[in-house]
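Common to both upcoming complexes is chain A, partnered first by chain B, then by chain C.
Right, the complex of A and B next:
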């Protein structure tokens, strides 16, 4: 699993590539965890997970997403995911995560939904 | 070894409502529209070939009770409401005059896992012997059954039973030889505690693991479950909830998920994963959908590994041979 993080206006955009299963779920959690910590400097109010490069995910990875979603909800922050590959979208549907997470077809649409300023900056490259 | 399911529903028995039956009849009539059946055999063949399983049979509504057929003494998991029908069968087979010996392995004493015993005729017949095994202390096992058959819960009290009933506590760090089975048990996460069982006999391995909430963040629990399931021919597993329900609104309710079962069984090299302890709110169509989705999930995450997946129904039989 590989990851990269960008800050675009008031959105933290986290891109995940590769596989998230029982072997890599901890690493996935470590990528997301710093952005859920609201005890230090104020974190950006919105998180978008770009899962366009995610090719494999099991229940271990879904659990990490749920931890993130619960933490954001408790802090009054927004969290969404975007750009699911077809097999990952199926897993979200089977696990009913499509009913509890905000899912956007593309990163552009996810940013537009979360922040018009971030969407403009994204489009400007 | 043959596994026969007498009860497969979670939490509380359910029965099809009149409205549900009417919908099933309407579906069957639609499917049969314009057809003629010359013989009863023609009709039976049509039912089997052309009427979907949720319409022609359904998954049943009795709570947990599973018989393991091997050897000459009766061996069962749990005493849910399905035990009533098992009792009817053994009474029809043996009548009241031929004493029998029964061995019950109890996951835990929640109501839906013991409620069948007062309706199990052999307990009222002197000469029968009933061994009850569990991971809980004997005093806790006894208390649960005594309470169930005491005022004001039931009119026939525990001390009025005719059979000899023997309670046995099993420990998790030992292997027991009972009825020709090599038996181990494991602690599970559930309110009040529950225990899973691993039975081995003749080179075949059966695991019964219900009423267990698998905490995905607990690596030790995951490793222990994978080790307990290792290379089993059949794992009967608590698949009561969707994963989203299990980690949100139903967190800490003590049950697991269909997809967690897939992940554990694939890692453990299990040959057959059987979904069990169905959510009472699920109708037959929903249970079939859950099965199809679970198979699809296994296809995606299995990456070519082969595993049979079924969903339990009352009267289902699985041969391990």
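Right, the complex of A and C next:
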């Protein structure tokens, strides 16, 4: 698993590539967790996970996402995922993760939904 | 071990998406064995491919740990609101969803979980033998 993080206006965009399974779920958690801290900023940054490069995810990865979703909901901040590959979309569908977090077809649509300022910056490259 | 399973699925002509589903079920089954059958640490796990080929793939996963029947696990309630939804519980659910047939037997001091997969491509939304709770 590989990851990269960008701050685009008020959105933290986290890209995840590769596999999140039993062996890599801990590393996945360590990527996400620092961004769930309540820094006292008002409002707290929104979080968008770009999963376009994610090829495989097991329940261990969904567990990390569920914990993140609960933390974000408790903090009143948005958490969304975008660009799911078909096999990952299927896993989200059967486990009803559409009820856990927002799912967007593309990163562009995810950013537009979360923050017009971030969408403009993304568009500008 | 997971590679063994996915290589066999590939050799049988399973499609890429179905191979990932077989891989997912196998990983979830193995992680459950490590968690529940061998709670104190590592133990032996044997995985054998059964049958003579064709469009079906059957694996018997055997461990020699604490007796545990994954089919006795409750089906998670996926429709409750986020605040009260359980964090875990999806592993066995995925095994049930991805395999076409599941059988558990306690044989002497061994747990034997037999999983059968067909080549089905589940994009039509069709489901197998298990239904979700309300």
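The rule is simple: the second predicted complex is superposed on the first by the 119 of 125 C-alpha atoms of A that agree within 3 Å, B and C clash if a C-alpha of one lies under 4 Å from a C-alpha of the other, contacts with A are read in each partner's own complex, and residues count from 1 in each chain.
As a working rule, contacts are C-beta pairs under 8 Å (C-beta built on N, C-alpha and C of every residue); 3 or more make two chains touch, one makes a residue touch a chain.
Every value quoted in this text rests on a predicted model; they were computed, and no experiment measured them.
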Query raised in the report: Should the superposition on chain A be reported as showing a clash between chain B and chain C, or a fit?
Result: clash
Query raised in the report: What is the contact status of A:89 with respect to chain B (first) and chain C (second): first, second, both, or neither?
Result: neither
Requested in this report: Could you tell me if A:44 is touching chain B, chain C, both of them or neither one (first, second, both, neither)?
Outcome: neither
Query raised in the report: Of the partners chain B and chain C, which touch A:100 in the superposed model: first, second, both, neither?
Result: both
**Report entry** Partner chain in contact with A:121 - chain B first, chain C second, else both or neither
**Finding:** neither
Query raised in the report: So which chain B segment collides with chain C once the two are superposed: 59-67, 167-175 or 293-301?
Result: 293-301
Report summary line: Dual-contact residues of chain A (chain B, chain C) 21-22, 56, 58-60, 62-63, 66-67, 70, 87, 90-91, 94-96, 99-100
Query raised in the report: Can you list the residues on chain B that touch chain A in the complex?
Result: 216-217, 222, 242-245, 247-248, 257, 259-260, 263, 267, 293-294, 296-297, 300-301, 303
Report task. Using the touch definition up top, name the residues of chain C that touch chain A in the complex. Result -> 16-17, 20-21, 23-24, 27-28, 31, 78-79, 81-83, 85, 87-88, 90-91, 93-94, 97, 122-123
**Report entry** Complex interface listing, chain A residues touching chain B
**Finding:** 21-22, 25, 56, 58-60, 62-63, 66-67, 70, 87, 90-91, 93-97, 99-100
Query - Complex contacts: residues of chain A adjacent to chain C - result: 21-22, 55-56, 58-60, 62-63, 66-67, 69-70, 73, 86-87, 90-91, 94-96, 99-100
